[in-house]
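Below, chain A partners chain B and then partners chain C, in two separate complexes.
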Partner chain A sequence: MFAAILIYGFINSSILALVAMGFNLTFGISGVANFAYGAIYIFAGFLVWIFLNTLGVNYFLSIILAFISSYLLGYLMYRFIILRVRGLPLSEVMATFGLGLAIMELFRYLDFVGVKYSLPVFIDGSVSIGGHFIDYQRLLIGVVAVALTVIFYFFTHYTKMGLAFRAIAQDDETALTLGIDPDRIGAFSLALGSSLAALAAVIILPLGTISVENGYEVLINALAVCIVGGLGSTVGVIVASILVGYSQTLTANYIEPHWMILVSLAAIAVVLVVKPSGIFGKQKELEERV
Partner chain B sequence: MLTVKNLMVFYENALAINDLSLKVGEGEIVGVIGSNSAGKSTLLNTIAGLTLDLKIKERRKGGERITLMGEIRYLGEDIVDMLAVHRVKRGIVLCRERHPIFPESDVMENLRIAAYLHPKAHFRKMADYTFDLFPQLKKYRRKRAGFLSGGEQQMLAIGMALVAGPKLLLLDEPLLGLSPAMQTRLVGAIKDIRATLGITIVISEQFARPVLPMIDRGYVIENGMLVLAGTGRELMENPEVKSAYFGV
Partner chain C sequence: MGRRKERIDRGVKVRSDGIYALNSYREVLYLAVPRLIPVVGLLVICPLFSDYWKEVIVSTAVYALLAVSWELLYMGGLISLGQSLFYGVGAYMAGALNAYLGLPPVLSIPIATVGGGLLCALMLLPVLRLRGIYFAMVTLVLPLLLARFVEATRILGGTEGLTGIDSFSSQWVAFYLVMVALLVAFYGFRRLEGSDYGLVIKGINDNDRAIMSSGINIHWYKTQILFLAGAVGAFAGAYGAHYDMFAGIPGFALDYSILPIAAAAVGGMGSFAGPLLGAFILVPLSEILRALGALRIVFYGLFLVFAVVGLPEGLFHFVRRKYEQIERWVEVDKK
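Entry: the complex of A and B
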């Protein structure tokens, strides 16, 4: 039992980390809370499904196309919606939330409902770890989450674009005096955040069916992880994913799987009351962000 | 190299720069001297394009109305409407007041960020030069910039501006809040920058005394208006400057 909880808790934490990473990236760099994040997640999922089943494109290519589309969606969102209300947080939230609702409810309206909307797993089968069977897809989620964290660290510390991200996150005016264009980086951060949502979608969605509700769930989970960890903090995302992830797994095990999302909601509520800046919040002096 | 002609800057209806004209020749060190809120930062920010950037941002969110009028010619081109990023690419680099650095990044990372527009070779050359100029920064390579002293942060900020590749370097009150000994060291470094790299420099200051020994020419501004212009020596001998800006 203990080993099972350890393994499934890890997978669940990985899912949360994957789901939160893009949201956190965009917020950490440009300060935009992208409330259309969950919508982009299912947009990518349904897009892969459409390419694969309606248009007959092969699976791998469908995934690439969904990445590119999500990237463009994020980019266009910044250029045509966020740029106009840039610096007005409430308007940014309303604009992204409104767009997210529109996208999600459009899918519902177009009748994208039902068990047929599911994606195939990448590799069939499972392995046994300490007597517990775990399928390759779940294993892959764990691997990708860890790999992405490592890649992300090197990206932000050793590439020009990554360093520009860190600069904009800290002080966009100083960045501007060094020739780093905040709008360009802002657009890129939204585009990259959106393709991370797509990445999470294509490797997590094969575990179940794609539904509009996934969009809301993903947004709630991403918010929970980011709020618990402290918005914009990468270390925070990792720690919070583990905390929330294991709490959810324990809840599912000992109480009721349906209550998992309640753990996220409760985590949001508790952290906002007890420590609004989160565990690794920006308010902490010189905290590592991005 | 730089010619500012009849420049006017309004924040809403308040006039921050009033019909100001000045010239900076290639290879010169030019001082801009004025007391608090005389308009020094506004002038330098306007030359660097930050005021234009602020204007665009404010207009986007329907905030403060900023008006820019007049002409800024740099290397034969009128740049009043050019975005800040393009000005940096053409070699106008501003080091803002109060040592702007990235506090969460270490010293090396600050310098690497500043090399955004340049290849590695340029970065190495300028980083090495920065450490020659300010040897005491060397031992702090891996230290978070936010934990450096004010003087060290100012050195780093100047180093970052150098890494950004200036032809025209604008320094906004680099001596502010530094001890006299540190001021002397910085003045030496600024002279070295011109002598070694041939960079043209505009430096602003509240007091004339610390900058007069290094500037070729200076402009004194009050309430956004030019009140006096002259060589370093002329300003030094002017009785008004003596009483107002020597802080005696």
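Entry: the complex of A and C
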């Protein structure tokens, strides 16, 4: 029992980390809370499904195409929507939320509902760890989450683009004097965040069916992890996804599975009351309360 | 040679801003007409519609109450993403009073209004010190949390909700009750905004530390506006519960949170008329779009995006500018 909780908790934490990574990236760099995040997640999932089943494209290729489409969607969203309401947080939230609503409900309207909307797993089969069978897909999620974290660390610390990202996040005016264009980086952050949502989608969605409700759930989970960890903090995302992930697994095991989402919501509420900037959020400690 | 748009306040606006030195009936009308539009519109014109549209107008008025209550919080710098908290609490309170204790609407609605306001203010008391987006997140999460809580613990009828709540004695009572309540809330809050009290509230939004250093307890003021906004929202909920003869988890649904904000965003924030106007555009619009079936929400979302991006100041401020100012193109030298 203990081993099972340990393993499944780890997988669940990896799922949360993957889901939150893109949201956190966008918010951390450009300060845009992308409420269309859940919509992009299912958009990528359905797109892969359409390429794979309707157009008969190879699985690998359709994943690549979904990445590119999500990337473009994020970029266009910044260019034509966010840029016009930049600096008005409420308008940004309204606009992204409206767009997300439109995308998700469009899929519902087009009748993308049912069990047949599921993606095949990458490698079939399972492996036994300590007497518990874990399928390869879940294992892969854990591996990708860890790999992505490492890649991200190197990206933001050792590449020019990554350093520019962090510069904008710290002080965009000083960054501007050094020749970093905040709008270009902002657009890039939203595009990259969107393709991370697509990455999370193609890896996580084979575990179940793709449904419109996934979109809302993903948004709540991403928000929970980012708020608990501190909006914009990468270390925070990892710690918070472990915290929330394990508490969700424990809840599902000892109480009831459908209380899982309650854990996310309660985590948001408690952290906001006790320490609104999150466990690792340092940036806005002075602004958050009086 | 280039052109630029020049905007000049109309003479009557300049003279009448506060001092009201009016010369003619025309000027009296200029000032009175816009202020009378809500009264005449709600009490005289709305009853002329067919029964179907009257139902739509009633639900519009419920959303408008939530939107006006949202605006009061916004005025004090508290951005609420969870108006459904107020609606749900009011609905459950009135529903429980009616279903369990058998109180008639005449008693249950006032008790739920005051009690709901108090309960909402109490629930948000721990996070009153939070600002901006942090306060907003809490309000977004609270109604979702309460909905799950009711679902999981199965209190207050659980997922079924409370059904069979008493209805109003007649359709006209129901109709005029919500219209009068909306007008009272609207004009009452407008009076509040113009008073010294409103000045303090707006000051909290502009610079809370400056207000604190003037020796004013801003938390007490914030608690008061939370109670006022909560009471108006809870009234909407209590009224809705009796009108639909149902109180349940849908009361905490995202609809009641999103629509008031959308109304404020479309109509224009920073004035009570904006959210009112926005609600009276958005709710009927979504009703017209109902013919499109599920596609309705898609259009709705896109409309929201276009309204926010295309007219960031909001419709009301746009109209007011046109009404109060003369606009003309003037030539400018570029040297």
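The definition used in the following text is that the second predicted complex is superposed on the first by the 282 of 290 C-alpha atoms of A that agree within 3 Å, B and C clash if a C-alpha of one lies under 4 Å from a C-alpha of the other, contacts with A are read in each partner's own complex, and residues count from 1 in each chain.
Criterion: contacts are C-beta pairs under 8 Å (C-beta built on N, C-alpha and C of every residue); 3 or more make two chains touch, one makes a residue touch a chain.
Source: prediction; values computed, not measured.
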| item | value |
| --- | --- |
| Touched partner set for A:Ile123, first chain B, second chain C, both or neither | neither |
| Partner chain in contact with A:Leu72 - chain B first, chain C second, else both or neither | neither |
| Contacts of A:Ala3 with chain B and chain C, given as first, second, both or neither | neither |
| Contact breadth on chain A, by residue count: chain C or chain B | C |
| Partner chain in contact with A:Val85 - chain B first, chain C second, else both or neither | both |
| Set intersection of chain A contacts, chain C complex versus chain B complex | 84-85, 88, 287-289 |
| Contact footprint of chain A on chain B as seen in their complex | 48, 50, 53, 57, 60-61, 83-85, 88-89, 93-96, 100-105, 109, 112-114, 116-117, 144, 146-147, 160-161, 164 |
| Residue ranges of chain A in contact with chain C within the complex | 33, 80-81, 84-85, 88-91, 93-95, 97-103, 105-106, 108-109, 220, 223, 227, 256, 258-259, 261-262, 265-266, 268-269, 272-273, 276, 287-290 |
| Touching residues on chain C, where the partner in the complex is chain A | 79, 81, 126-127, 129-134, 137-138, 141-142, 144-145, 148-149, 152, 208-209, 212, 218, 258, 261-262, 265, 269, 293-295, 297-305, 308-309, 312 |
| In the complex with chain B, residue positions of chain A that touch it | 83-88, 157, 160, 163-164, 166-167, 170-171, 173-181, 286-289 |
